[in-house]
Amino acid sequence: MLKNQRIEPPFFEIGPKAYMYGDEMVALAKTIDIAAKKYDVRVLLTPQYTDIYRIAQSTENLLVFAQHMDSLPIGRGNGFVLPEAVKAAGAAGVLLNHAEKPLTFSEIKSCIKRAEDTGLYSIVCTDSIAEAKAVAELSPDIIVCEPTELIGTGRTSGAEYAKATKEAIKGVNPDIQILQAAGISNGRDVYDVIRAGADATGTTSGIMKAADKEAMADEMLSALRRAWDEVH
Amino acid sequence: MLKNQRIEPPFFEIGPKAYMYGDEMVALAKTIDIAAKKYDVRVLLTPQYTDIYRIAQSTENLLVFAQHMDSLPIGRGNGFVLPEAVKAAGAAGVLLNHAEKPLTFSEIKSCIKRAEDTGLYSIVCTDSIAEAKAVAELSPDIIVCEPTELIGTGRTSGAEYAKATKEAIKGVNPDIQILQAAGISNGRDVYDVIRAGADATGTTSGIMKAADKEAMADEMLSALRRAWDEVH
Amino acid sequence: MLKNQRIEPPFFEIGPKAYMYGDEMVALAKTIDIAAKKYDVRVLLTPQYTDIYRIAQSTENLLVFAQHMDSLPIGRGNGFVLPEAVKAAGAAGVLLNHAEKPLTFSEIKSCIKRAEDTGLYSIVCTDSIAEAKAVAELSPDIIVCEPTELIGTGRTSGAEYAKATKEAIKGVNPDIQILQAAGISNGRDVYDVIRAGADATGTTSGIMKAADKEAMADEMLSALRRAWDEVH
Amino acid sequence: MLKNQRIEPPFFEIGPKAYMYGDEMVALAKTIDIAAKKYDVRVLLTPQYTDIYRIAQSTENLLVFAQHMDSLPIGRGNGFVLPEAVKAAGAAGVLLNHAEKPLTFSEIKSCIKRAEDTGLYSIVCTDSIAEAKAVAELSPDIIVCEPTELIGTGRTSGAEYAKATKEAIKGVNPDIQILQAAGISNGRDVYDVIRAGADATGTTSGIMKAADKEAMADEMLSALRRAWDEVH
């Protein structure tokens, strides 16, 4: 966990995975950048490694995150993602342990430490209450709570799961921020999750598979702000 | 193998691995870019993924290569390196199967196919005569012949190994270009390898660990040109 | 490749994978053992590691193979499969590089070497003509030719693929034996493959999913013998 | 965690890894079996997969554990270790997440569940207080606490680490049994660990590298009993 530094809620993570890249990604990032300012919300965008620099250079409000990184030190390691290189490219943080790139517990621990030392936020995915609690012991900045079986399905995980994971994580370390994900398809889903008490949420397919990606991003960020204002 | 397109020899691969990144990498790339033009040699540079775009934008003569990529198609796959993203960032090609990132045979095959379809050169590392011959069956653009046990030792693999691998590869597919590596520490080593008949060579530690990296790069590229001219 | 030792054709590989184990596996192995003698054919059976010893002790004619092994030397390596332990349990050989357990080229090479040194036959799976040729360079005892996309489908790969892989492998090393697999569902399929010129074939689902496994094994081995006698 | 069933302390884990196999392993197992009875202690032995059946058949008091297993269900999965096959071979349990075979958190969770369903004890290695606490959330039968993070720091694991991990684990689930390992070289070390409050300890190299393995095993089990009696 970074010292004296945290992402101000509400925030939203957009994960392009391997769906989008290059010019199209940069163009969408610019639109989201404007929407993030308009609604005064923080947006974490996790593009391909190769797009981190371009997006960091082209936007003002976005927090660019790497989709993954390795814990190796400076030196050998052809093909691995060096934390210092991620930072130097302009990233604000790194996503770790996504269901499509699961890590051993020791590697999650090493990567969180490397993130701290490099000045990167760490956001760690977990797919059960037990894993959320376990990862909380490692003090990342943010924990994503997302039951793996719901990823990409359009079904939300529900207020019960959100409540249980929140209690579990805050019980270990109240400073960890929580992102409730899984099944966000539109502004309504965003609204519901935040109304249910979350600080943050996010999506991949909700935007990547939308007919009008820019409109959908705007709808979601607008809903994020509205729900947040009603709760707080 | 890309159609109607090949890298004109002599050429030289510089592999920064996880030794160098960001501004320092870009600065060195610019110096090498000038030297490549001065000596009229082709230089393949394989920086961290996050530096591909910056270097491609900052140089004119370098061929920027990714250190690795995955064969996944556009879509899901958080944390994986998408070929289309590598290409869009300005890369000319991709390095595959390095001893520090070994791939299964099926994955090498898939990646070479993805490189072809995306318009990227593929350069595949092999660590024995048998593997060189095997990979030649897959028709990558370039094969690196480098006995694993010599990597980073400063000992060269010798003319005999170079000759045997060349015969093996050309026997399968004469269009594949060959890069003889392992143990290149200075200009003299470069000179010897090219004099022995190679089209190309390369180094990581020879430059990364040099007291004056820029001077060493210049020395090596100069030797490359000199040896090439004497042979041809 | 083991010296002065080869499996006399025709032979047949039965791969229980993780479908069968323990008493049921031993019982089926005993039935197959009798059928192997009755039809004078060689049968390679690849049970779970934990069943190798029991089956080797309970049968006379079967050649028990491990489903995989690691190339590590005697010493550290908790959880890895030691070649010497496989041999000591009574195995005759080891299967390598199955599509469900793909290996890097270097690891295939190391495992074939370890098999030779330990006195184990090596049988290596390949899923394309290029890979078959490539693996042939490493001189395993047997190469399995099985296009991955057909595994478990009940569709056979056809005489053309069999002919092409045979030529490719024999062109590299005529001493390597070849097993043509993929899509063997019944005795008729076995008959056709051997009639088309193969020395050997095999199946997993053809027997594992049969209503009467013992009857199906008998039918297949009977067809193996009949086809072999008609050809030779 | 298995219901209504636990290993009676004091107990001791001996991990042959890939050091020993076959007849020599069975002979040592028989000697340990006698010593286990003589000192009325429980001994967990984790041989190569291929030796599980032989040792289970040849001993009366030993608890044979697999060095690892996979969470796959019955069916496809060539080369993977099926839980049901491990059980059928006579194993009492399975070791998971050893530093030489680290697993993702999701896989540890799946394997503990599979162990429960198959009737196998699960013993999970952890290398930090955080990981011990994390794994405790998954309710395995036993957690191994072995502080690799202290290696090279000048601090000894000792009573402090044992106390901290015990408190962490028991705070999550008091039914989990704890094995304190790392650096057990002789009977004196065993004595000290148990005197400091542990229920169990274990070794690999302490016995595998001893000049007289059988004598060392006897010395350690004797010390285990003596220390236990003095404490309780």
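Labels for the chains are A, B, C and D, by order of writing; each one numbers its residues from 1.
The definition used in the following text is that a residue touches a chain if its C-beta (ideal position, glycine included) is under 8 Å from a C-beta of that chain, and two chains touch if they have at least 3 such contacts.
Owing to the predicted nature of the structure, the values given are computational and were not obtained by experimental measurement.
Q: What chains do subunit A and subunit D have as common neighbours?
A: none
Q: Just to be sure I understand the contacts, which chains border both subunit B and subunit A?
A: Both subunit A and subunit B are touched by no common chain, going by the contact rule given at the top.
Q: Could the interface between the copies subunit B and subunit C be described as same, meaning over half of its residue numbers are common to both, or is it different?
A: Interface between subunit B and subunit C is built from largely the same residues.
Q: Where the centres are mean C-alpha positions, what is the separation of subunit C from subunit D, in Å?
A: Roughly 35 Å, centre to centre.
Q: Taking the mean of the C-alpha atoms as each chain's centre, how many Å separate subunit A from subunit C?
A: The computed centroid separation for subunit A versus subunit C comes out at 47 Å.
Q: Quick one: report the Å distance separating subunit B from subunit C, using the average Cα coordinate of each chain.
A: 38
Q: Residues of subunit C touching 2+ other chains?
A: There are none in subunit C.
Q: Got a list of which chains touch which?
A: Those chain pairs satisfying the definition are A-B, A-D, B-C, C-D.
Q: Which positions of subunit D touch subunit A when the two form their complex?
A: Of all residues in subunit D, those touching subunit A are 97, 99, 102-109, 126-128, 130-131, 133-135, 137-138.
Q: Going by the contact rule set out above, which residues of subunit D touch subunit C in the complex?
A: Spelled out, the residues of subunit D in touch with subunit C are 15, 17-19, 21-23, 46, 48-54, 66-68, 72-82, 84-86, 88-89, 91, 95, 98, 100-101, 204.
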